[in-house]
Every structure is written in structure tokens, then in C-alpha cells.
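Following this line, the structures themselves.
One chain, subunit A, links the two complexes that follow: it is found with subunit B in the first and with subunit C in the second.
Coming up: the complex of A and B.
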């Protein structure tokens, strides 16, 4: 959990930059605005529970979770190793692509726009797209991780390189060539931060790799999905434990020194490799993904084609609605849950449980959480709302608790609600809100994604367009999703407290 | 023969003038100490010297300008970065070349750094870092040494020894200092700056500590 420690060190700077200007009132307005807007929008959301007996189903899941059956899955080790292999190689290729782009990032608008675009589309949507050409193969899995990660690495690496101390460069003798200057000053100065961000990204890639199972690639997620779907909860429990163990033991098995070994060792696991039909690929790129009227130069037909896109407005509406509700939900969940993991409240046992629960919720991919809730309450916005709020709320709550634990304050003997309201919240709230708005972009991207589970957001139509082989429509919807993401990101950038430490962004971009 | 001659120039950063209407001549072979409170323009003057003299000058910045995550060896090697090809520099990062490794180790031994050559600079003490910065300047092997507080965080005795080492390796030495005693004992000429002007410029044997103290009186 190294990246959490990094957050801690950044926090005091963050708070310093906020306190001192009278920003409290503005934060309050923004938060209340968010909650009120959500309450107004709530009646428009479909929150129906359509299953008959969600509670007994939840009970059976819980029993499965605490009595896992590790022998139920066929070749579980292969699934785990393949998950790890895709994550390692996806990240490695992402770095290979993203690092050179990072060097151009600040100089080229084209690179910035391109990176913003590939970042805005979720790994799983990329997987769906590549699936059409490369089938259920290693290329699909690797490209789905490497491409968006290249965009992310380019941006974040560029920002890190921009922030290094420039004094050492200025002391170099005249006439030093660019490469030597980079390798002797810029790279070593940025190395620690580049490495820690990459470590954090690897954990994200591991989650993404699990999720690739949901489109049919044989990673952990594939077995998880089928076990849950078929009600084999003991097996699902075992797989979940395997996943949590993988995340918890990350610092040991994914140690820096072991990375080359893993890369070499997992190289042979990658597969299957598809036979790429060049003609088919060309047809896909040149014909299939473009609207027919556009290729024919028929602009009237193009307008008609556009009107035939399925229920675009309700889908966008639902996406934004769910994004808004989940952002507000995350805030509420965070405010309720963070004391569970803080040293200021409870006893050792409650803290231990609280911290464990928060880490568990944070580590579980949203899609998986949503999928579990979907099985419980049926398809509506409700399971997606619950999953996004719990996952993101827990993530922010955990960081908020760590922040609160560092604080020392003047009034001795304050307890409970008084301590929460007078000493702690005023100090940590700006940080919480900043994290929330950084998270908003991630939430909206996930929101679209949850459509794949049948929730009526943009992702639902993307998924079904692919299913019906209407590639032109799917790609158009993907573009709209990406634009929506970029728009929400721009909006949340404007709303969040100013002058935040950039470290925070890297901590919670996900 | 004069190394540098300035006649009524304004020195500063961009439009912000720190030292207006400055006239100054420094001859080859001189040992010049620059004194004055912090923020008085010493660094500005040194920066100008560094730019004017370009490739004749070995520049010794303050120790916090080293690259903290590289080893002492690599930080010293950086003094000659421009003299080697870029690929040689790349390979040297991974595995030091024999010749520079020997040269730099010999230099390090003179400065008491032989034990820490492979250690990252951020793990060194303040004094050791300062000696690494000096070693980098010495490694450049230039006729003129220009230093910004090169012995600020070492004890007076060691400071004197380092200054003498710098003197023997360079024809001309121009150094910003804050230790008055060191300036009087080891430099021939002392230039005192205050409020953007040169207020003292005299051979050191004509000066005494009390005169120099005036430079540090608060206005």
C-alpha cells in the first residue's frame, strides 16, 4: 500500500493550500449543491428491486464467502497467473508506448488530445472493440490494457517530469546533449515518483485484468462471473479470496526486483495468439466502423443514421444521472464510514474490522460489486448506484481516515460526534472533497461501463451494438461516451478546490 | 591580464535589476572572496561570471543542486558530461567506465569521499554533499573556479583545507562565502556587497574582521 503513504505526505500541503483562503463556504455550497441536485434528480432514476427475495440470496452469498471451496474451480492457478500475466505485460506495453509520448505531451496538442481520448474509454470497452478483430486472444487483452494506460502514463509521467527540481540541470556544463541531460538529471530526480505511480497503476491493471473475464477472456473474472451467475457461491467465495490475497500480498510477490522474472516467466502463459486476417482487419477499419451514409457521401442519410442510434438521450441522461448520484453517494458513504478506520474512534477490534471492510470494498472492482448487487436486486440503476457509491466512498474514506490519524489538535477530551464535527471534519473535509471531484471522472467512466450488466446507461447500448455486430453504431456510441467523460472531467476540474497537490490525482485516478 | 571587465552594467533577472550600474575588473590569477548578506546579489554576480566565462569556468553550485538519487560517482562524473558522447554517458550510468572511475576515485580520495563513491547523494551528510559538489567542479579541470558557498556546511578547519585544494587546482578562484575569517586568511581580494552596490573592494591584508562585520549589520 505504498501509494497511500504517498498520499499522506501530500496531505498537509493540500490542506495548507486551502486553509488560509476563505474556501470553507465555497466547499459547503458545492457539497450541498451536489446533495440537493441528487435529491431532485432521484425520482427520475429507476431504482426498482425486481428480484423476489434479495435477502436470502445475500445470505447464501455470505455463507459462500465465509466457507469457500477452493477445489471447485478448474485450474484456478492458470486463471490467477493469466490475470497477473495480462496485468504485467499490459502495463509494460503501456509504459513502452506512454513514456515517449510523455516527453512530447507538453509540447504537442495532438498528443494531449489523443491521450485524453484513449483514457476516456474504459479498458473493457477497448476489449470489446479489439475482440471483434482479434477474438478472445492475448492481443485483445494486452491492447485493452496497454492502450488506455499509455494515455494515462503519458499524462501523469509528463506532469511528474514537469515538477522536478530544475536546479541540478542548470548547473550542468554547457554543451551537454539532450539525452545525457535527461538521463543524468531529469530521470533520476523523477524516478521515485514515476516508480510509485507505476506500482499503483499495476494494481489497477490487475483489477482490469480480472474484469477482462467479463468479456470472455479466461482470467479470474471469467470464473467469478460464471460462479456467481450460476449460484455456485462457495466457488465464487474462493475466487474472491484468491483475488483479495493477490492484492494484499502485492508488495511481496510484485517486488521491484522480481518484475523482470515475472515478465519473462509469464511470457509463455500469454495466449492464445490469433491468426490475424489482414483483409478482415482492413475491412473492419475501413468499412465496418464507419456509418454507411458517411462512406457513401450521403449527408442526408447520415442525419437519418444518427436519429436511428438507439435511445441516445435517455442513455446519456441515465449515465449522467448515475454519475451524479454515485458522486453524492460516495460522499455520504465516505462521511459515514471513515471513522470506522480512524484511531480517534472505536476500539482496536472495530478499527481492525472497519479498515478491513474499507480495503475490501476498495479493492473489489466496481463492475464485480455491481454484478453481485445486480444478482441481488435485479437490473435497475440501484445495483450500479450501490456499487459505485460503496467502492468510491470506501476508497476516499480510507484515505480520509489515514489523514485524520495524522492530525494533532488542541482541545483534549473531546469525544464522538463533537470530535468528529469540531476537530476532524473541518480539517479533513477539503481533502475529502478534492478526492471526490478527482474521482468523479472515474465514476462517470465506470457508469458507462456498468451498462454492460444491463443497466440502461451508454455502455448497455455499446455492448448490444457489438453483440448485434453493428460496429458503426458501437464506435459512434464509444465516441459519445469518451466526449461525455472529457466533459465531466473538465467540469469537476472547475469545481474542486484549487491548487491541489498533484499527488492526490495519481492516488485516486483509477 | 584581466579575466573579466564590467563597466556600468545592470545585473539582474529579466526586468528585475539586483546590481545596478556595476563596474568590476577581475584579473587572471586572483583569489577573490565575495561577502555580503544573503539576497544581496552574490549569486547574481556569480551567475553572470559563469555565463560570460562559459567553458573556462568550473562551476560549483550549492550542494542542494546535486541529483539526490544518483551516486556520488555519477554526480561528479556530470562535471564532464559534455566531453563524452551521449552513448558513453548512457552506458556509464549502468556500469562506470574504467578511466573516469579511476580519475574520480582519486579525486574522491583527496576529498575524503572514497568510502561513499557508490552511495546515493541523498544518503550523504551535508558536509559530504558539499565535497561532492566541489569534486564535480575539480573534475571539470578548468582554469577558473566559481563557487557559491562551497564550504558553507563544513567545519572551519576542513573549509580552509578545501579552499587551499581549490586554489592549487585553479589559476583563478572566485567564491561567495559567509565565513569572514576564512576570507581574510585564504583570499587575496575581498569584495563586499550591500544594497546592490560594491561597498568593499580591497586586498584582504588591509581589512580586519570588524570592517567586514559592517556588511552584516542590519540596515
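Coming up: the complex of A and C.
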């Protein structure tokens, strides 16, 4: 009898937590749904391990990493400074464009759609587009960062401004103009959060700036990619360490008081500016990026043009599959790793190592991680999956640890697993999940970069179209990618409980 | 105000440099080797033509073509297919010289020895079916275009159906490394890169070997923009061509590696254009 009663009393709670309407139940459903969906999709993914002798190469990689040679790169300082310059100026221009748009964001559907579109295309693809008209120049780099960032700033700034307290506005006398109202009652309240989000974005811009090296702009990534690709691992090791240090020491060298100095000082690095050939630019915009049959008004030809596009369905399928698997993978990685960097666990030494490892994982470009796994397990979806999960998982873990560190204990005396499971997890999990869904869109964009693994994602075909100089095809595929991203973003926003929105902002500040 | 001043300075300093004659090359090999090779070539061309010549390294085949199109470089060492692409985009540009070897270039198919595939002189071995395979860069003539052409000719199927997996390594040296590591079973690459690597001991021939060589086709060439005479003075094109054809220093030539340079014309590359169109890599 007693047994049955206990059984009865437990059942409703279990059911409650799955079908209930409280936030815990929603989080549980969403998390379980994600894991189950991934498990169902897994058999469709190509995860074969095919490799023969990776150890000698991996051994050399490891030796290079622990014995870096900083003198091997010809001008490492110039590469580092240029990386920083692109990040500073890219973010500055992004704010310049994005801030005014943020003020219109909630009122204009056109602005919202435009911002969603520019956000949905990866910086590297913007760079490939701008490369065609501005060549390998600072204009290409700055535009590739500033344009998508303007879209991101417009959206996030608008959301932050929406959440501020409106009480001070009510106290203003009538007839105060819009600008004064904004400057005196809105901006001061939002300032701290705007600034901290901008700081977080700057770190993202640094990573983007490194990535731009992969298409040929002479940032750290340029030398890193060549050294790595050609097996000069001592040099690659040194460049990686340089980048880790740059990220780890960010609070010191990128202090807000130093920002004007950096902006002014790095301006001279950006030249020489290319002479833009107006005729070329016009031809690119008016002819190159449009399907020829469309320009000729030949609709039969247009149908033929569509049939010449690469196989879209497998590409979209692979992109979504990899995105889904990597989102679930990131969640698992994050749950395992975040305690490593939190003050609630371990000692000073382990925390220091844990934080270092997380910085390493989130700062190492996904492409490099993927290449290491490519050597280890051979070409398939597997290296891409591992790379994206580790990179994004570590990024969320780092922010989750910062969030946990701000919490004060409700239940004193808890330690270890109990502290993790009963005190901290319930309080930070909503934030983790919100961040994860926010990252899902980023993950989808990143899947596009991993075409080099022989995985036919949309990004693989975009890269091919640029290589074959079929810009009309590239632009069409970019549009499809953008639509896919916007769809994923809308879905993940729907799954992300609204009540969690403020938590994301706070966690992002970490 | 300070900002405007700084901006003006930067703009002014960049226009002063505008009359340097620049060239690039498709990044088909180790960058260290390319930089070494082309810095020497830049010095040689400066000496011979009296122009201020500079080498601009690029990251991908497509970037080399777009730099040529944007007039950021006036001369380029292109592969067969990239040269055709570039001359389509820049009317008036001309192929002016090719290596002696380039009139009859070849692709080697290589295999990891653990696959047990034996070399065959007559045709691609049947045993390569269902193995994994890597091309070089997507628009490489010897690493993509011609190997795909001969694969289709031999098996009458697309590479994706012949092999279990098809990758793109992006350069010939990496193709060699990936097949040697067993990441891919089979690869196709530029024969001069393979032979230079064997000579220098940079490849372990116990682990990877050549299994078939394609028939010959035209490949690499120097292509120059049509408007150089207007910009750099009369006879610039002729002077550059003469300097290239007159290159005899074995040290310079060995870095390509070529025996010397001979005249070339746009028409020499019509077979490449034809195959490119057939495979849908060109329009």
C-alpha cells in the first residue's frame, strides 16, 4: 500500500515535467526533443571512420604545438595588428550602420527583413562576394565584417532598448524632442548592456578577422592556414598561441579607454586602398550575378538554368543534418565542460587549466579543428560534427561558467555532483539552452565552411560556384542558404522560451 | 579632422605605389616554395624590363583570377583552366609563354600502397572503384579537370559514382600528404610536383606510388593583360615576353620546375576550353 502510494505520488510529477506548462517542463521537452531527433537522424549521416596511418602526422602536429617557433612567420606582428585592425574597424562601421537601424528596427518590417538577410550569410561568403569587385583589400575585409554585424547590432541593440525602464520618459515635460528624449532617458539606461554586448561582438569579430585570412586577406589566418596546410607545425603552433593570447588578454589590451587609440593607430595599416573600377563594379552588379536567361527574358532558358544548379536536396539535407547534430553535440559538450572553468569546482590550478582549454577550443578556428579530425578519422561528416560540437560547446560552456560564477549559494554545504545537479544546473540551464538555440543559427552558417571535407553541404557548392566564376549560381545558392538560416532562426526563437530572453543577454556579457 | 587627415594620407600613399608592375600565380604548391620561386622571378623581371616588379601571393585559384580581373596584378602564372577563365573575363589578355613541359603536361594518379592497387601503364586499374579519392583544387587543370575527364572516359560515370568518396585537397602537395597518410586511398596530381618531391625525398614512396599517368595535354602559362602597354609604356608586353622566354638561369627554372619557357598563344588552350565546357566547369 505504501509502495503504491509512493508510486502514485511520483507519477504525476514525472508526467508533469514532460507535459506540464511550467518552464522546467518546456526546457525538458525541448532538450529531449533535440536529443531524440538527433538520434533518429544519426543513421542517415555518413560517419564512417576511414584512415590508415594518422599518428605520424598527428605526432608532428603535437610537437609543433608544444614547441612553437615564433620566428618562422615573416612578419607576425603585422599579421596580428591587421587582424586587430579589421576587427576594430569592422565593428566600428557595423555600429555606425547598425545603430540608426536599431532605432527603426521595431517599426519597420523592411529593416527587420533586411537585417535578417545580411545576418544570415557568413562573413566568409560576404568576403568572397566583395573579393570579386574590391580584390584583396581592406574594403573587402571591412565590408565583410561590417555588413553582417550591422544586421546583428540593429537587432540586438533594438532588443536591449526595448527592455529598458520607461518610467524616466514619463517624467519628461511635453514637447521634448525625440533626440533629447533618447539621449537623456534611454541611452544612459541601456548603455551598460549595449557596451557589454559590443565587447562580446568584438571578440567574435576577432575570430571572423582571423577566418578572413582563409580566403587570402593577410591576417593571422592567412599564415595559420598556409603553415597548417603545408605541415609547418612549429609555425602554426606559434600562430595559434599568439591568437590564444590575444583572446585571453582581451580585457587588458582592448580596454575601452584604449579604443580610440587603437582605431587611429590601426588606420594606417588598412591601406593601400584599391582603385575601384566603376565599370567592373557595374558589370558585376548588373550582369554577373543574374542568371543570363533572366536578363535575356528567355524563360525556357531559365528552366534549363535551374536544372544546372547542383543537387539542392542532398545539399540542404546535409546542411540541416550537420546543423542538428552539431547543436545537440554542443549541448552535450557544454554540459560536460562548463564546470571546468567555474569557481564552484576544483582548485585554482584545475580551473586555470580548464579555462585555458575552453579558450583554446573556442578560439581555434573550426576549419583547423575539422582538419585535425579529418586526419584522425578520415573524410566524412564525423570530423565536421566533432569540430562544430567542440567549438560551439566550449563557447557556450565558457559563458555558462561565467553565469554560474555570478550566482550565490541558496543551499550552503552542497559539493561536487550535488552542487552541479541540484543547485547550479537548475539555475543556469535556461540560459544554456537559450544560448544554444541562439548558436543554432551560427552553427548552420558554419556548416557551410566545412565543404573541404568532401561533405556536400550548401557551402561546398557555393565555394565551387565562386571557383568556377559562376557568380549568378553562387548568389542563387547564397539566397537559398540565407532563407534556410532565417527559417532555422525563426524555429529556434520559437523554441526558446520568451521568459529566458533577459538571461541570454546577461549570459552573453560574460 | 585628424581622421580626415589620416585618411587623406593613406589614400595619397597608396596612389604613389600605383605604378608597380605586379604579378601572381595560382597557389598550387607549398607557399614557402612559391614565395621563394616568385621573389626570385620578380627580381629577374625587374632587372630585365626596368619595371618595378612585385609578386603578390594569393590563397586560392579563384583569388588569382579575380586579382587579374581587378587589375591588381597585370601578369599571372596560371594553370590551363584558370588561364582560360581569366582570358574570358579580361578581353584582350594574352597567353605569352609556357614552360617547355607545359605543351605536353600529364597528371599522375597515385595510390596508398596499403590498398594493394598495382601500377598499370595502359589504363586506370579497375580496382580503384569504390575506393576514396581526392582531387586537388576545384579548378586545377592537372588536379581536377583532366583527371575527371579521363575518369569519365575510362568508366563512363561521374567520379561521385566511381568512388566511395570524393574530396578536394586544394593543392597538389596536400593531395600527396593525404594519400600518404591514408586519409584518401587515391589521388590525382600535377606530375612535376610529384617528381620534384620524389627527387627531394619529401614523399615516402613505400607508402604511396604512381598507378597511372594520363596522356598529355597543354597546361600552365604566363598570361598578361591587354592594357599593359597603355599603363606601363609601349612594348611592355613584348619586354615581359622576351624576359620570360630568355630565362636560362637553372636556379630560377628549377624552382618551377621547368626546363625553359617557349612561346604560347590563346589558341594553344582550346582543348582545355573544350573539356572545361564539357564538364560544366566553364560556360
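One rule holds in what follows: the second predicted complex is superposed on the first by the 405 of 510 C-alpha atoms of A that agree within 3 Å, B and C clash if a C-alpha of one lies under 4 Å from a C-alpha of the other, contacts with A are read in each partner's own complex, and residues count from 1 in each chain.
To be clear about the criterion, a residue touches a chain if its C-beta (ideal position, glycine included) is under 8 Å from a C-beta of that chain, and two chains touch if they have at least 3 such contacts.
Everything numeric here is computed off the predicted structure, so don't read it as measured data.
Looking at the shared chain after the overlay, A:232 reaches subunit C, while subunit B stays out of its contact range. Subunit A has more of its residues touched by C than by the other of subunit B and subunit C. Within the superposed three-chain model, A:54 lies in touch with subunit C and out of touch with subunit B [touch as defined at top]. When both complexes are overlaid on chain A, the residue A:374 reaches subunit C alone and has no touch with subunit B.
Once chain A of one complex is fitted onto chain A of the other, the partner contacts of A:172 are limited to subunit B, with no touch recorded for subunit C.
Taken together, the two complexes place no residue of subunit A in contact with both subunit B and subunit C.
Against subunit B, in their complex, subunit A makes its touches with residues 167-168, 170-177, 179-181, 183-185, 188-189, 191-192.
Within the complex formed with subunit A, the residues of subunit B that make contact are 54-55, 59, 61, 64-70, 74, 78-82, 84, 86, 89-90, 93, 140. Per the touch definition, subunit C reaches subunit A in the complex via residues 2-3, 6-7, 9-11, 13-15, 17-18, 30-32, 56, 58-63, 65-67, 69-72, 85, 89, 112, 114, 132, 134, 137-139, 165-168, 170-171, 173-174, 177, 181-184, 207, 280-283.
Residue ranges of subunit A in contact with subunit C, taken from their complex: 50-54, 56-57, 131-136, 213-216, 222, 225-226, 229-232, 264, 267-268, 270-275, 277, 280, 308, 374-375, 378-380, 452-454, 463-464, 466-470.
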